[in-house]
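Got some structures for you, see below.
Common to both upcoming complexes is chain A, partnered first by chain B, then by chain C.
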Partner chain A sequence: MTPLERTAASGPRGVVTLGSRVALPVHGRQLLVGAVVVLLTAVASVATLSLGELGIALADLPSAVTGGADGADAFVVERLRGPRLVVALGTGAALGLSGALFQSVTRNPLGSPDVIGLASGAGAGAAVVALMMPGEVPVSLGALVGAVAAMVLVYVSTGSGFRNPGRLVVAGIGVAAMATAFTQYVVYAVERDKATALTAYVNGSLAARSWDDAATIGVVLLVVVPLALLLGRRVEIGEMGDELAGVLGAEPQRTRVSAVVLSIVLSAGAVAVAGPIAFISLTAPQIARRLTRGTGAHLALATLTGALLLVLADLVAQQSPIDDGLPVGIYTMAIGGVYLGWLLTREWRRGSL
Partner chain B sequence: MSATGPVNGGGLRARGLSVGYGGEPVVRDLDLDVPPGGLTMIIGPNGCGKSTLVKALARAVRPVAGEVLLHGRDLASYRGKEAARHVALLPQSPIAPEGISVRGLVRRGRYPHHSLLRQWSPDDDAAVGEALERTGLTGLAEATVTELSGGQRQRAWIAMVLAQRTELLLLDEPTTFLDIAHQYELLELCAELHREGRTVVAVLHDLNQAARFASHLVVMDAGRIVAQGAPGEVLTAELVADVFGLACDIVPDPRAGTPMVVPHARHAAVVPGGAAR
Partner chain C sequence: MTTSIDTAPGGARTARTGTARRVFSLICALALLVLAVLASVMFGSKPTPFGDVWDVLRGDADTYVTTVVESRYPRTALGVLAGVTLAVAGTLMQGMTRNPLADPGLLGINAGASAGVVTATAYLGVSGQAATVWWALPGALLAGLVLHAVGSAGGGGSVVRLVLAGAVVSAVLAAYIQAVTLSKPRVFDSYRYWVVGALGGRDWDVLWSVLPFAAVGFVLALLLAPALNALALGDESASSLGANPALVRTAGLVSATLLCAAATAAVGPIAFVGLAVPHVARTLAGVDFRAQVVFSAVLGPSLLLLADVVGRVLLRPQELMVGVVTAFVGAPALLYAVRRMRGAA
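Right after this comes the complex of A and B.
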C-alpha cells in the first residue's frame, strides 16, 4: 500500500483528505500516467547527458551532476548539456501548460498558441529587440510584446474573439505567416550572418543555452504554474460554455482572460529562451488527454508531457546522425506537422471545422 | 428531501428587468415574482425572450437595467458559487466537454458545493446517484455524453442540474429531444420536485403540457409578460390568437380538466362525424 492509498482510506474512496479542510479527488489513471511520464523524462534526461562521444559514463553520472566531476565531464555538465537539458525541461513544461490553458478556454484542440501565431509573434518581437535594439530592452520583454500583439491581431481579425474555432485557426495561421515574414525581414535587414540568426528566431533552438536561460524559464514557471493550478478547476468548468459556467459560479469571462494571460506569459518565456519551438503546446495537451481518456484541462499532465516531448526531441536533435547542427525546432515541426494534419482531417471529417 | 436542499421556498423576483445582447433589449422592463414552491411554466412564441429571461434569473446574462432579487438580495451581489447553491439552470443548448462521461457531467453539478481545497463533499455521491436514478440514467452512467441519443443527453443534463441540489430549478425547454413518454416522465419529475417543495420554472412550447402541469403560467410576447396566473384563467382562445397568431378552441382536458388547445387546422383530415368548421 502506498502512503497515498493509506490517506485515502481514511476518507471516501478516491479522495485524499487532510483534516476537514482538504479533500481532493485523485484519479488513479492520471496519477499512473503522470508517474510514467516523469519516469520517461528521467530516462530521456539521463540519455541526454550520457549518450554520444561527449557523453558521461552512467557510472560517473551521479557524481557529475552533484558537482563531483572535473575536466571534460564538468564542462559537459556545467556548460554543454546541463543547461541545455534544464532549458529543454522548463521550456517544454511551459509550452505544454500554455497549450493546455489556451486550448481549454477556446474549447478548440487547434486553438493552440503555436498554431494561432502566438509563438511566431513572440519570435518576431524577440528578433526586433535582439537585433534592432541590442542590450536596450530584455529579449523576453520583446517576446512578450510580440506575443500580445499577435493575439490582439488574431482576436480582432476573427470578428468573434476566440470563440469560433474555424475562424480562430484561419486568422491565426495568417497572423503566424505575417509574423514569420516580418521576422525574416528584420533578420535580413540587420544581420550579416543571416542563416543562423534566422534559424534561432523562426525555428527555435536549444543549442548553446546558458544557466541564465534556465533561470529565466525557471522564474516564469515558478510564478505561473501555481496560478495556473489555482485556476484549473474553473478552466475545467468553463469547458461547459459561458452560460453554464456562469450559473455554476466559475466566472467564465474572468477565467478566460486569466488563462489567456498566463498562456501568453508562458509562451513568451519559452520563446525568449528557446525561440518559437513548434507544436509542443499543440500536442502535449492532446496526448495528455488521450492518455488519461478523461476530460478537463489536464493542466498538470500537459505540463509534464510537454517537458518529456521537448527533452526527447532535443535528444534526437543532439544524437541525430543526419546533422548534429539542426535545431530542435525543425524536429518538433516535422513531428507536429504530421500530427496537425491528422488532427485537422479528423476535425474536418467530424464537421467541427 | 436532501439536507442541502430546499430551504423555506425560493424567493426569486425580477424588478424592472431589461436584458439585451448589445442592441435593443429583448426583455423589457419586466416584473416577475416566481411563486416560491410553485411550478411555473413560461410559454411564448419563438424569439420572444423566454430563454433570455431564465438566463437572467440564473445570472447567466447580466441585466442592462433593473435587477433580479434572490431572497431579497440582488443576485449580482452574490459571490461566485453562493448563488449556484440556490439556483440551477438547464440552458436551451448546453455544451458537453469532449469525452466526458455521464457521471462526470453530473458530478460537475457539485462544483458549487466545493472549494479550492475541498473538491469533494460528503453529499456528492448521494446527490449524483440520486440524480442519475431520477433521470433513469444509472445504467448509462459510464457512457460518453457525446455518444448518447439526443434524449438521453438531455436527461444527462437534467441530472447534472438535479445534482446541484438547489431549491430553485430553471429549465429551458427540458422536453426537447424527448419522445412523448419521456416528455411526460420529465414533466412528472418536475411535478414531483414541486411536491417536495422546490421551486421549478420551466420554459415549454407545448401549451397543453404547460397548462396541465403548471401551478402558475406565464405568457410572454416580445420581451414582456402579457398574462400570468392559474392556467385555467390565463389560457384563452383570445390570448392564443393574440400571442401566437393561432385560431383555436379551448376545451377542457378530458383527464385533468385543464385547458386544452385545439387549433383550427386548415388541412385536417376529415373524420366522419368530426365538427369541421
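Right after this comes the complex of A and C.
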C-alpha cells in the first residue's frame, strides 16, 4: 500500500481514503513512531527467545518458530518461552490499551487501572477463583468480577464518581490496599507459606504461562481491540470537554461508559493470565503521548507500547543477573514507580496537575 | 474557626461538659484497651477461657496452660508498643502536614524503615533483632526526606499530593524489599511474617531493644502537641503565637521517624493504624493535640491487638498476619476520609 501517494491524489492532507466510504486520518509521525515501536518489540521478542542458557541460536530461530525445530529448541519454543512471550505481548497490549482508555476518560494520567485499584481488585478476584474454587469457575470471570467490584467501590467512595482526580486516586489507593490484603488472606489460607505463590498473586508474574493463557488474552484482545478502535475517534473528541464533544456528536456520557467497560474487560483479562502487573497501563499511554508529541489518546500506539514495555520487562526478569526467579511485576513496579515519581514532580513543578 | 481539622460535633458546648465528655470517653477507651489486652492473651490456636487466664495471673494454673498463656505475653506487649507508636506517629504527621490522610504506612515511612532493616540483614550481615532498629532509623528518615522532596515539588503540598508521593515511595521500596527477600530466602526465613507485619514469633529482646526509641519519640510527640495546636491555625498564625513552624516540623520529623522505626523494627510495616486511629481520636478528643495524642496512644493498641486477635482466629490453626487485617479494616477509613475531603484537593 502506498498511502501517502493516494492521500496526495484523492483527499485532504493526512487522510487515507479507501473508496468513497472510509477515510482514516494518518499522521506521519504517529506512523513512524508506531513502526519503530513494532520494530523494537520484534527485537525484544527475538532476544527473549535467543538469549541465555536455553536460548535458540539466531540462525535456527526462523525454522524453530515456524515449527521446524526438534529436541531442546522445540521445547523452548513450544513450552518455555514461546507461550510466555505471546502472553507478555498480549497482556502488555491489553494493559496499554486499558490504561489509554481509562486515562482518557478521567482526563488524568493517574486515572489508570493500576493506580486506582482496578488491577488489584481483578487480582483479588482471580486469586479467589484460582485458589478457592479451582476448575469450577474460569479465572477470567473471577478477575472481571473483582475488577468491577473494585471500580464500584471506588466510584461510590469518591462521592463524585470518576470526576475528581484527587479523590479518585486516593480512593483507588484505599481500594487497592483492601484488595491486596484480601489476596494475601486468600493465598495464606490456601497456599500457606509459599512465598513465590504469594508474590505472583500480589505482583503479577509471567513464569510458567501456557498456550491456554495466551488464548485467553488473545480472545479478549480480538473482541475488545476492534471495539476500542471504533470508539477511538469519540474518545479523542471527548478529550475536548463534554460540551464540545456533545456538539460534535460524540455522546460524551455513552462514550465514557463504553470506554470504562472496555478498559475493565481488558484489565481483567490481563490480570487473569498474568496477575496485577503494575504500572504498564500507567506508563504506556504516557510514553506513547510523549513520543508522538501530540494530544489525544493514541489508543493504537499505547497498545503497541504496552506490549513493548512488558516484553522488555519480562526480558529483564528472565535474564536478570540478580535473580532470574523474580516475577516481572516487581521490575515493572520498581521502574514504573520511579517513572511515576518523575512524572509527578515534573507536572507539579509546572503546576499542571 | 479556620482550622483544617474537624471540630468535635456540637462544638459550642461549655468547657466543663466538654471535659467531662472527654474524661468519660477516655475511660471507655481505657476499658476497651483492657479488653483488647485480655482478648490477646485469651485467643489463639488454643483458646484459653478467662478463668484459666485468671489462674495463670494468680500463679496457680498447671504448667501447660501457663506456658500457652505466657507465650502470648510478648506479642501482646509488642502489640501495645506498636499500636501506641503507630497511632501517635499518625496523629503527629497529620498535625504537622495538616493532612488528614497522613499515615506512616501510607506515606512510605514504614516501608523506608523496613527497607533499611532488609538491607542491613541481607548485605551487611546484621543479625539479631536488637540491632535492626538502628537500621530502621536511617531508612525511615530517608523515606521521609524523599517524601518531602517529591511531595513539595513546585511548592505547596496538597492533601492528595503527599499521599501520591507516599504511594510512589512505598511502591518502589516494596519492589526492592520483595526483590531482596525473594532472592535470599534463607536469610529471610525468619522474616517472612515480619515483612507483612506480624506480632507473633518475636520475643522480649525485641521489645527491650526498641522501647527506648519509642519512648523518646513518644515524649517528643507529647512536647510538640501544644505547638501542633498553634500550627493548626496556619503557619503565619503559628509564628505569631510564638511557635516556629520549621522547628516544629523538624522535631516532628525526628519524633515520627523514631516512632515509625521502632514500630517497624519490632513488628514490620503496618499501615492504616496511624490513619484510622487519629480520626477516631480527633472525634473523641476534639481539636487539642495534647488530648489527641493521649487518645491515640490508648486507641492505637486496642485496634492493633483486636486486629491481631482476628488474624489468629480467622485461619486457625494458622495465623493471618496483623498487617493484612489492619489493611483490610483500615483502608475503609481512607475511603471514609476521601468522602469527607472538601473541594478539588
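Definition applied: the second predicted complex is superposed on the first by the 335 of 353 C-alpha atoms of A that agree within 3 Å, B and C clash if a C-alpha of one lies under 4 Å from a C-alpha of the other, contacts with A are read in each partner's own complex, and residues count from 1 in each chain.
Going forward, contacts are C-beta pairs under 8 Å (C-beta built on N, C-alpha and C of every residue); 3 or more make two chains touch, one makes a residue touch a chain.
All of these numbers come straight from a predicted model, not from anything done at the bench.
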Check: Regarding the shared-chain residue A:302, is it in contact with chain B (first), chain C (second), both, or neither?
Finding: neither
Margin query: Between chain B and chain C, whom does A:93 touch in the aligned arrangement: first, second, both, or neither?
Written below: neither
Check: Regarding the shared-chain residue A:64, is it in contact with chain B (first), chain C (second), both, or neither?
Finding: neither
Notebook entry, point to check: Which partner, chain B or chain C, touches the larger number of chain A residues?
Noted result: C
Check: A:199 contacts which: chain B (first), chain C (second), both, neither?
Finding: second
Check: After lining up the shared chain so the two structures overlap, which partner does A:182 touch, if you call chain B first and chain C second: first, second, both or neither?
Finding: second
Next item on the list: Scan A:291 for contacts with chain B and chain C and give back first, second, both or neither.
Entry: neither
Next item on the list: Flag every residue of chain C that touches chain A in the complex, lowest number first.
Entry: 101, 106, 150, 153-154, 158-161, 163-165, 167-169, 171-172, 174-176, 178-179, 181-183, 185, 192, 196, 271-272, 314-315, 318, 320-321, 324-325, 327-328, 330-332, 334-339, 341, 344-345
Next item on the list: Going by the contact rule at the top, pick out the chain A residues touching chain C in the complex.
Entry: 110, 115, 153, 157-159, 164-167, 169-171, 173-175, 177-178, 180-182, 184-185, 188-189, 192-193, 195-196, 199, 203, 278-279, 322-323, 325-326, 330-331, 333-334, 336-338, 340-341, 344-345, 348-351
Next item on the list: Would you tell me which residues of chain B are touching chain A in their complex?
Entry: 55, 58-61, 79-84, 87-89, 91, 94-101, 104, 108-109, 111-112, 114, 116-122, 125, 164
Item checked: chain B partner contacts - residues on chain A that touch it in the complex -> 11-12, 15, 21-25, 107, 230, 233, 236-237, 239-244, 246-251, 289, 293-296
